[in-house]
Amino acid sequence: MVYREEFQVTSNAGVPTFHNVTGQTKNAVKNSGIRNGIVVVYSRHTTCCVIIEEDAFDMAITGLETLQQDFVEVFEKLIPTYRKEGMYQHPGPKALKFGAEHGEDAQACHNTDAHLRSSLVGRSETVVVIDGKMDLGEFGNIYFIDFDQTRARTRTVQIQVIGE
Amino acid sequence: MVYREEFQVTSNAGVPTFHNVTGQTKNAVKNSGIRNGIVVVYSRHTTCCVIIEEDAFDMAITGLETLQQDFVEVFEKLIPTYRKEGMYQHPGPKALKFGAEHGEDAQACHNTDAHLRSSLVGRSETVVVIDGKMDLGEFGNIYFIDFDQTRARTRTVQIQVIGE
Amino acid sequence: MVYREEFQVTSNAGVPTFHNVTGQTKNAVKNSGIRNGIVVVYSRHTTCCVIIEEDAFDMAITGLETLQQDFVEVFEKLIPTYRKEGMYQHPGPKALKFGAEHGEDAQACHNTDAHLRSSLVGRSETVVVIDGKMDLGEFGNIYFIDFDQTRARTRTVQIQVIGE
């Protein structure tokens, strides 16, 4: 048996956005009627990804939770935000031309860091479903991360439940 | 068809622990009777994760295999072990208060490195099942990694087999 | 319902190889007749992995696309190519002996970087299948990456479609 839901989230500009989609995923599992199997939470956007992490309680000055901010800092060290020309080879002239022809301004094309970060993390997470419930342990939450900081955007989160 | 097994492993303090769960996963696939599909090996703990890697034969002085120790060294560079105050923003005052109220000592709350490392790696690995067997190639092993070094702990490994 | 295809790709020496397997995966989903579910693209090789990323249009001088080259540079910083003795603990004497007994030259055993990089990325990606089609968004491509630079090799890509 396969059951699907999708919904939209709106990301901020200027900072990676962590969307807590645990509640929506729990509801989808419930709505599916599936008792045992898996649920896949998936991003079709190539600058977004999915992780499972604890709720950290405390907030950083950026508006992210402390553990989210620490996660961002790891990437700031490894794959820094695209701040000036020449940090990455992408986007090249053809990519910029393609962007311009499709109504993207040049600044929005310089989201290379988001492409690299999100592909390293992975586009989806899979959670086991047992007796009609996701097993996230005591503290697990599912976050859909939008690493693209160049502009505010609406994104689609896909939830696919498979089982019996 | 869906089949599930779970079992416990016990991690060490002072070092990330690599649990080789290949044998248990092979048995679960066999017990499932499923001939073709996938098997998901999953951690519900937010400081643990799953990888597929070679057996390295040789041991490092830490008790880890050389390839495991090399993996740990990568993280020591990128997401160093929490050794002194101020390395990470997490845990903040609310997280420490929550921990104290739930019987955790302050030192055990400073497992931020384990949270970040394991969420970057990912909570599960999926392996294809063909003719009743996992396809791990000639050398693949499945490791359940506990990155939390703050104390010895018992952990639950989930195995979910889906197919026909 | 479960449907499976596999095929071979040939990797280059001296550079990580990015195999675009989007076309083959689309065909496998079509051939499966499955309308809704998931497709798993999987590597059984422990120096290969799978990512979903944009086509970057522009080429770097290495023959990789710019975004692929940027991805490689991230790893060159974090997990540099094994260029001289002592960069990693693996391969140790037992691993070298095992390699020699199985016809591998010593140079080919020094693919530690490929083991570490690919296990960090993950052996598979899962894509949702909706109304008979993968949902890769407008720009997503599936790349099977061979991080082993020590020699040209033939590799097997596994595609497993599950659903109804």
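Note that the chains are named A, B and C in the order they appear, and that numbering of residues resets to 1 at the start of each chain.
The rule we apply is simple: a contact is a pair of C-beta atoms (placed from the backbone, for glycine too) under 8 Å apart; a residue touches a chain by one contact, two chains touch by 3 or more.
Please read these numbers as outputs of a predicted model, since none were measured by experiment.
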Intersection of the contact lists for chain A and chain B: C
Copies chain C and chain B - interface residue numbers shared by over half, same or different: different
Chain B-chain C separation of Cα centroids, rounded to whole Å: 22
Contacts with 2+ other chains: residues of chain C: 78, 120, 122, 126, 162
Touch list for chain B against partner chain A, complex: 1-2, 4, 40, 42, 44-46, 78-79, 88-95, 98, 112, 115-116, 119-120, 122-124, 126, 158, 160, 162
Chain B-touching residues of chain A, taken from the complex the two chains share: 36-38, 51-54, 56-60, 65-67, 69-71, 73-74, 77-78, 120-122, 125-128, 130, 135-137, 139-140, 162-164
